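Across the two complexes that follow, chain A remains constant while its partner is chain B and subsequently chain C.
So, the complex of A and B:
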């Protein structure tokens, strides 16, 4: 197990190198630079800027310089926001994205797992149909539609929640709910599928035959196996929520990382693009690894050698 | 089963009630909340270059002059009074004795000298350095031709007297001195903290407010500066500049009362018909032009007859009314009338729309009824409104002249590159004045201007601008500038004027002392909140 984990960690290094290289090349190939503005700068001034940010050096040298300082944990200064560093921006904004993401995931799990279990237990009943229809709606309505709708109702008509902002607990309710909804829907379907499969297994029949209570069978014996598909979805879900929170962050004016991720490439903020891409890839790689490890604990049949 | 469900309901209820408990809308009575529309690149006056930055810096610093809230014209700022020699080339500014930095040190003429030297220093690599090119040796120092900053035409005669020597006569000089590029800067603080001097714990400023908090993509908070010389007249305790970038979010926050003020950036034209009847909606003519550039190095746009024909065959009134919903004003001229009343009295009016004449011009250029007119593209930066306008113009040209063109949109940075490298046929463009003088618009199209981007060169035009730059007499100067604009919009047309911009603001009725003005710059000094 330890050996396996170590191997997987080692594999991250070449992935990151390739990723950083291609990102670096692509963002530099894109037309327009970080310092292009409506008014062309005098060439002498432009030269000074390029020298300051080492943009006058050959690309490969720039790349190596970048990798060198990135390894030391320095992701460079932001070109767009002078006086700030990419690491500093990530440090400041990521906890907000993370808080939003984790809360949403928890909410999605609570709603999804419960709904899925109910649906599976009462398969083909009215309860099943209702919860699955709702989850279908949750999957189908994109959050850029859901969010303004909820804002309209709760903030503008009822006036009980703020439209946007950050810093107060009330600011979190709508964004967490909007972000969680599609995932809750998806999780409920996974949970339902997983539970259905397990409930048909022989050992469940055995448990019933032994006279075990229905509650105990479903919540303990069946649940452990039935939740596996959901667990394997957690890694992609969390990375999906973290990366995908951009829309929600924009609509609710949340100063998270998502906005920087997109804005940086529009601004040709080279160091910021690199920093964001590397940071997000590491997170995603590590999350996937974590899920694989959790898997072995839940399903004794899975072994990594 | 039932147990789990009840538990969940319980958890839900508990979370919800806790959150409701923490909700809190209370703010101190004199806090102004204003959405500037986007994140600020910087709050270092030497490095700033945009309108949102200007709106925030206006609260933190004060230049030699400041803006009159109703007319945008200069009123005394740090300088109490000023005078110039006869031809307006040497100016003297007398600073008020009681002007102080937020660390209680006096604001002196040396602080201005340092500020100007810093923005012009090639190492600062400031985008707005050109703003001071009218000062003697400023251009030379900024581009590295001279190395000694002492040679720049700004000198402190003593602590309170500043003398500025200009390249040529500049009767409008005081008008440009309320801009952030001209602010005094605290040398000791900048030397001590370097890049980090603009952080809330380090920054020292001389305006009515000081920086108290900055969170990227959220807000900039400033609070009243008690050391400001006129602080007894400053009524607001705090301003929160929201830097959330989403227009819709800002608009909704305004409607729900979470913001007191949103500006053109956050008010999409589509809402204007709905809001224009409200008493908190303010629309005013703005000092900006919306126009198309022709690439005069490409055929057939190298022929002025073609450019004229294109310009004379679109219905601007229709565009303004139906596409922009009245948020832009139709025009055949280029220099916005709000800039200068004197200039405006006899300003050239441009070519009137005239289909018959346009067809004749096109025929004489070799394209009768648009026959054989090569297909071309209209370039615009990706934005819904530009697309709608471009589509309408495309259709007008097809109907009126029988010529075909395609629409081509590029993302902002790529679009800029295409314009700068003349890699386009016809391109959408806009310009907003830096200061209240027509020269700011017409000197863009001289042969050597970095803003020309049309490939158009006209010696007569260059001469007129050069003469205007060397004339101290306002009336005489306006004559030269008008003659230049006439070439631009009636004779040669490297550009095709379409609209003048308007400024749009929605300001809560409880914000007092807020006025419409041509620059759309609103000093916060006298504003207050009436609950």
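So, the complex of A and C:
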């Protein structure tokens, strides 16, 4: 197990190197630069600025310099927001994004697993149909459609929740719900499918024959196997939620990390884009690893060598 | 050949018996027809502005109202629908093309090559590919062609996994051995024997991929990275509408409902196809 974890951690290194290289090259060959303004700067000034940020060196040298400092934890200064560093911006904004993401994931899990379990246990009953129809709605309505509609209803017409903003708990309700809904829907489908398969197994029959209470059969025996597909979906779900928060943060005016990514790539803010991509990728790679490890504990059939 | 034909006719019959999927198919056809032919029956164009009237609520002249620049919303939704469907279909084709080819090659060659190729897919899976689409769009310019190439280029992973799985289970079957024994060239075996037999789950996945890509595209357009004005897609219409929803709610509600309807239809059709072709399949 430890060996496996170590191997996976080692595998992250080449991935990150390749990734950073491609991103670096792509963002640098993009037309335009971070210091392009409406009025052209005098060439001497431009040269000085480029010199200060080493933009006049060959690309490969710049890249190596970047990797060198990134390894030391220094992601460089932001080109567009003078006086700030990329690490500083991430440190300040990411906790908000993470709070949003984790809350959404938990909400999605609670709704999805409950709905899926009920739907599977009462297969083909009215409860099943209702929860699966709601899950279809969740899958079909993208969160950037759901978000403005909910704002329209709850904030503008009913006036019970704030339109946008950050700081109060009530500000969190709509964004979390919008982010969680599609994943709750997907999770409920996975949970239903997983449970249905387990409920047909022989050992469930055996448990019934031995007179085990129905509650115990469903909640302990069937649930344990049924939840496995959901666990393996957690990695992709969390990365999807983190990416989805790009839009949700824009709609609800949340000062999280998501907004910076789009803005900085449009601004050609080289260091910001690199910092964001590297940071998000490493978070997601580590989360996926964590999910895989949790998986082995839950499903003894799986052994990584 | 006869046998495979009857498989598909059976599948089609099963599909048509599924009421939900069948109704969804009809609505989808109507939506497509409306967005393809509709603009020819309306005297406004999607870019013609009428700054004097500005944003008006639905009326007899403008059935769904106009936006702040006085452009007819109905026509714009039709064009948006065109773009969304077009990108959905084209990007899915790109994704299928890459995925099927990659998966077949990996599965057919097997061994070390297969191992390496699938490791690469695993690695790519773990990455936040949305970022790459954003960067690709910024680097190569924000136009429709780049949009569907970028979307197709990141969405092929699952297709390749499905195809590989199919090919692996097929390649040791007798008919492939027979073909090999006859001295058929590998390339011919792949295209003539393997792909046609491996394709059915891929078809199901493709129909479910289309709505996913439409959402993805709308997401990008919502962020201002997709289709550029004056052209519009359903996503950019939703984005525009959401900025003005306090004053002109119809600008938000109509594009949202059309987008949602479209996605509903595609998902129902996808589910119906899955049940018709392979009820045991997990997607």
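What we mean here is this: the second predicted complex is superposed on the first by the 305 of 305 C-alpha atoms of A that agree within 3 Å, B and C clash if a C-alpha of one lies under 4 Å from a C-alpha of the other, contacts with A are read in each partner's own complex, and residues count from 1 in each chain.
We adopt the following convention: contacts are C-beta pairs under 8 Å (C-beta built on N, C-alpha and C of every residue); 3 or more make two chains touch, one makes a residue touch a chain.
The shown structure was predicted, so the numbers you read here are calculated from the model rather than taken from an experiment.
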Touching partner for A:233 - first (chain B), second (chain C), both, neither: neither
Contacts of A:270 with chain B and chain C, given as first, second, both or neither: neither
Larger contact residue set on chain A - chain B or chain C: B
Partner chain(s) touched by A:183 [first = chain B, second = chain C, both, neither]: neither
First (chain B), second (chain C), both or neither touched by A:24: neither
Contacts of A:15 with chain B and chain C, given as first, second, both or neither: second
Which superposed partner A:148 touches (first chain B, second chain C, both, neither): both
Which superposed partner A:118 touches (first chain B, second chain C, both, neither): first
Which of chain B and chain C A:247 touches, first, second, both or neither: second
First, second, both or neither for A:156, with chain B first and chain C second: both
Footprint overlap on chain A, where chain B in one structure and chain C in the other make contact: 30, 148, 151, 156, 250-251, 266, 268
Chain A-facing residues of chain C, complex: 123, 125-128, 130-131, 134-136, 138-139, 211, 215, 218-219, 222-225, 235, 238-239, 241-242, 245-246, 249, 252-253, 256, 259-260, 263-264, 267-268, 282
Residue numbers on chain A that touch chain B, as the complex places them: 30-33, 35-42, 44-45, 48-49, 52, 80-84, 89, 92-93, 110-111, 114, 117-118, 121, 148, 151, 155-156, 159-166, 168-170, 172-173, 215, 218-219, 250-256, 259-260, 263, 266-268
Footprint of chain C on chain A - complex, ascending: 11, 15, 19, 23, 26-27, 29-30, 136, 139-142, 144-145, 147-149, 151-152, 156, 193, 235-236, 239, 242-243, 246-247, 250-251, 261-262, 265-266, 268, 273, 276-277, 280-281, 284-285, 288
Chain A-touching residues of chain B, taken from the complex the two chains share: 1, 3-5, 8, 11, 16, 18-20, 22-25, 39, 41-42, 44, 47, 49, 122-123, 125-127, 129-130, 142-144, 195-196, 198-199, 215-218, 242, 244-246, 248-249, 252-253, 255-256, 258, 411-414, 416-417, 420, 450-451
